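Have a look at the structure below before the remarks.
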Amino acid sequence: MTTVLGQNNYGKSRVRLVRVARHPDRHDITDLTVDVALEGDFAAAHVRGDNSGMLATDTMRNTVYALAPEHLTGALEAFGLALARRFLAAGPSGTRARVRLAEYPWERLTAGGGEHPYGFQRGAGGTRVAVVVADADGARYEAGLEDLLVLKTTGSGWAGFLREEYTSLDETTDRVMATSVTASWAYEPGEHDFDGLHAGVRDRILATFDDHFSPSVQRTLYLMGEAVLACHPEVTRISFALPNKHHLLYDLGRFGIENDNEIFHVTNEPYGLIEGAVERAG
Amino acid sequence: MTTVLGQNNYGKSRVRLVRVARHPDRHDITDLTVDVALEGDFAAAHVRGDNSGMLATDTMRNTVYALAPEHLTGALEAFGLALARRFLAAGPSGTRARVRLAEYPWERLTAGGGEHPYGFQRGAGGTRVAVVVADADGARYEAGLEDLLVLKTTGSGWAGFLREEYTSLDETTDRVMATSVTASWAYEPGEHDFDGLHAGVRDRILATFDDHFSPSVQRTLYLMGEAVLACHPEVTRISFALPNKHHLLYDLGRFGIENDNEIFHVTNEPYGLIEGAVERAG
Amino acid sequence: MTTVLGQNNYGKSRVRLVRVARHPDRHDITDLTVDVALEGDFAAAHVRGDNSGMLATDTMRNTVYALAPEHLTGALEAFGLALARRFLAAGPSGTRARVRLAEYPWERLTAGGGEHPYGFQRGAGGTRVAVVVADADGARYEAGLEDLLVLKTTGSGWAGFLREEYTSLDETTDRVMATSVTASWAYEPGEHDFDGLHAGVRDRILATFDDHFSPSVQRTLYLMGEAVLACHPEVTRISFALPNKHHLLYDLGRFGIENDNEIFHVTNEPYGLIEGAVERAG
Amino acid sequence: MTTVLGQNNYGKSRVRLVRVARHPDRHDITDLTVDVALEGDFAAAHVRGDNSGMLATDTMRNTVYALAPEHLTGALEAFGLALARRFLAAGPSGTRARVRLAEYPWERLTAGGGEHPYGFQRGAGGTRVAVVVADADGARYEAGLEDLLVLKTTGSGWAGFLREEYTSLDETTDRVMATSVTASWAYEPGEHDFDGLHAGVRDRILATFDDHFSPSVQRTLYLMGEAVLACHPEVTRISFALPNKHHLLYDLGRFGIENDNEIFHVTNEPYGLIEGAVERAG
């Protein structure tokens, strides 16, 4: 028997970086968690214990901070690209670098009246994700959204589904639908207005979520994907993971109390999980 | 030796309830986690295994949902009071009921243009808390805030502190200050405009957070408390727990890169924790 | 109106420390999370922004590590005492120091045959807690346990409880009982064999958990407390927080399948929470 | 432009099931979280809102419990296979079913003396995972381990690595190495002694972790994989995800205190993450 090293990668995860841009009239902040993964020819380290071609993950961390002053000035994707290229250039072993950037939303404080120049609170709208994968053939960009909680109190049902021996669920044509959107999409090769595109995709997802009667999470997933692709030709494919955050009508009839689609208990497990991609034909 | 039962209580925790109010032109939602704790004479159950005076925690759960249609129509505090009174009335053993309600923020979706009548996304601003404690002497109200993340990029320092053998920290007069505010306050006895007061207290906390140069988290804590008490005579006392979310300047000088208060790494542990109450004199 | 500073404290939380004791034949490890809280006269910092009496929380962190070589050699309590005294001695403002130490269990690896001299895996049995509170009057010791998951598949029921309008739960004389034990106890003043006592208290809790038919979590709580106090005169009082980890019989009868107390679904929220103290009379 | 549905699946996640086997002399428990994912032709639901071919995720949950009395009696894999086949048989749309079972360890209580017949505490050793994927071509089995925390206090280093502009890390030939092992492996087609194999693979991983001087996490990863493949011909490939739980020597020299590889602070982020597969050649 001979064993060989298969697919492998390594890197630094959860590098927490905040950049403060100090403009004369206001400060801006960028609050990121960066994950780096490097692929390449690392067999010497695995098989012979030879580290001479290995970039330390501590060096990757230093690099994230070191490149931020110059490169974290525009879209996350530009910073990711600079990092990925640097990791490839740092040594001969790495052949593909993957940099993932997750950005947390902050909004300006307004409690004192007007937008505060340097005071912020955590904002709504979920986490923005940017992924850059670079190798000898160039770079690919992906983007995404995480932890975007949405809910609609009507305009959703679940009926006409398959019934068999272990089916006990009633049909409904009016339910609460809630999910935490995770979305991930790929861009056409090349540079784009990544900030504008991300805002546009998020807007399409939110606008579509509640613009139709939803007969299933699957249907809403597909419509959200279709809307994004229709509006943004730069997006080639979008995939979603939509956990069904079940809101169940609580049985109050046994106590002689009417519950006219008004009082729900929310359960967190188990949950339905609907995953799917929407892409361009051909 | 004789052992006796000391302080004790029991109840149901994390009852997840969503109420949908279906108005003709729009729906409103209230999304709560309710915790119930009952104190009283429960020695029979503990010492003799006699459950005859024990209200089941499952009954407490049912009660939370059962009272919601009639009582969860205004301020959280009114619902809490109805629940607390009901738990006291349900049997002879319970002598004090504590109901804690945590409300998650939702904001209307606007991505389709205009405020959507029944579509929501998770909002900013942290979790609102209301606590009602009722016994034979009446009811007391407390309120609070949780998970309110705030940050300012300047206007904060930490200098002039005690230096001794194990002190290595440098002084600074310009740092990033960030915390996740947990606040809890008590009201004067009686009924109040609890919704308006809660919004007012939150507003005072946020407005004060960035209206002064902060020489320490302690100083900001005190100023926030003072502002709340000055503005809202109904509040008798407010306490805060303010974890210091450290943003540390990353050492880039060793790589020949200037870091002019721009690039920070964020650490989550260990963290400074500053806790204190501000109250009225006399 | 005049506002004043009320109860307050500050310190460093979640200081993560591992000590390796390198004996000739084996290594031992102590893996701790340390939380420090200092009370005292900190009004100058809060009210006037004067930090001159403030020990930095960063200094507290340094101190935890600095005192470990000399003082973290026996029971956790001795280390806690050395830290608490040091924090009081460091400056004039602090008048009471509270040091909490949580120790994670590691057990020696044996997969290679025999106990490995320096290889470990995370062990069972939950987290050990030690708390030392020191002030001008001396020191008090408390100890505790966290995250000790226990379950018994029979020997437990819940019957004869109060029934009223919103009660829907059936009685049972044979159920699964499961909880995650959090216990906290106080010692008589003075020094004790803290390691032996902790092991003894844990043993009493575990041995009592399944030595009786339990008519309620309350009854088991009381019996566990009674057993600890009976066996260990050094313990003056013990309190428990016992979440009821509900295991509910799944309704399979609707599918024509018998479920003879065999198949359960486990829910994590809501949950019953039973809290109580057992202490010595008089 | 035409959009089409891409890769998709749906199912029920986090179905929490406990089975109690009531033998005359003792009870055994199996404590599982089950995740189900179904692939197939679900375009009608996505594109046309036609649910007629859709098995409800609620039905999947019922099925997990309904099949447990008959099929959850031996290895997890047999239960997973029964479930996967059932989901494929339940309707015409599903063409591939993936069932993932995670089992939590419980060990018998012994505090009362002897092994208790029906009392348990949470055990050490991490979570066992079994995955069954079934389609028209048959079934494939994978297995795994999660949350297996291991640490060695010596016998590990990190030296001779690539040094470049942003490298600041010192070399070391004696460090603490700690990780939380996630492992996943595939079996040769066919039925095996899955329980024995799982115990054997875990044993190989643990025995290898501390049987060599480790020049890198990568080298230990490879040796663990090699040992598993050498010992268990039924295993075709094993992959690992090994987060480096950094234990950093605390700088006490600045306080005049010697730290001879004894006092470490533990950081949880950022962390190195080493992932790789070991497989059979050819």
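Per-chain numbering from 1; labels A, B, C and D assigned in written order.
Note that in this section a residue touches a chain if its C-beta (ideal position, glycine included) is under 8 Å from a C-beta of that chain, and two chains touch if they have at least 3 such contacts.
What you see is a predicted model; the values in this text were computed from it and never measured.
Comparing the CA-atom centres of all chains against that of subunit B, the greatest distance is found for D. Least-squares overlay of CA atoms from subunit A onto subunit C yields a rotation of 180° to the nearest 5.
Counting C-beta pairs in contact across B-D and across C-D shows that the higher total falls to C-D. For this pair, subunit B with subunit D, the centres built from the Cα atoms lie 37 Å apart.
Rounded to a whole number, the gap between the C-alpha centres of subunit A and subunit D is 24 angstrom.
Once the centre of each chain is set as its mean CA position, subunit C and subunit D turn out to be 29 Å apart.
Taken residue by residue, subunit A touches two or more other chains at 15-16, 62, 66, 166, 168, 255, 268-269, whereas all remaining positions touch fewer. Every residue of subunit A that touches subunit D in the complex is listed here, in rising order: 1-16, 35, 37, 42, 45-47, 49-59, 61-63, 66, 90-91, 93, 158-162, 164, 166-169, 215-219, 221-222, 225-226, 229-230, 233, 237, 239, 243-244, 269-282. The part of subunit C that touches subunit A in the complex is made up of residues 165-166, 168, 254-255, 268-269. Taken in their complex, subunit C has these residues touching subunit D: 15-22, 27, 29, 31, 62, 65-66, 68-69, 106-107, 109, 111-112, 116, 118-125, 148-155, 176, 202-207, 209-211, 247, 250, 252, 255, 257-259, 261-268.
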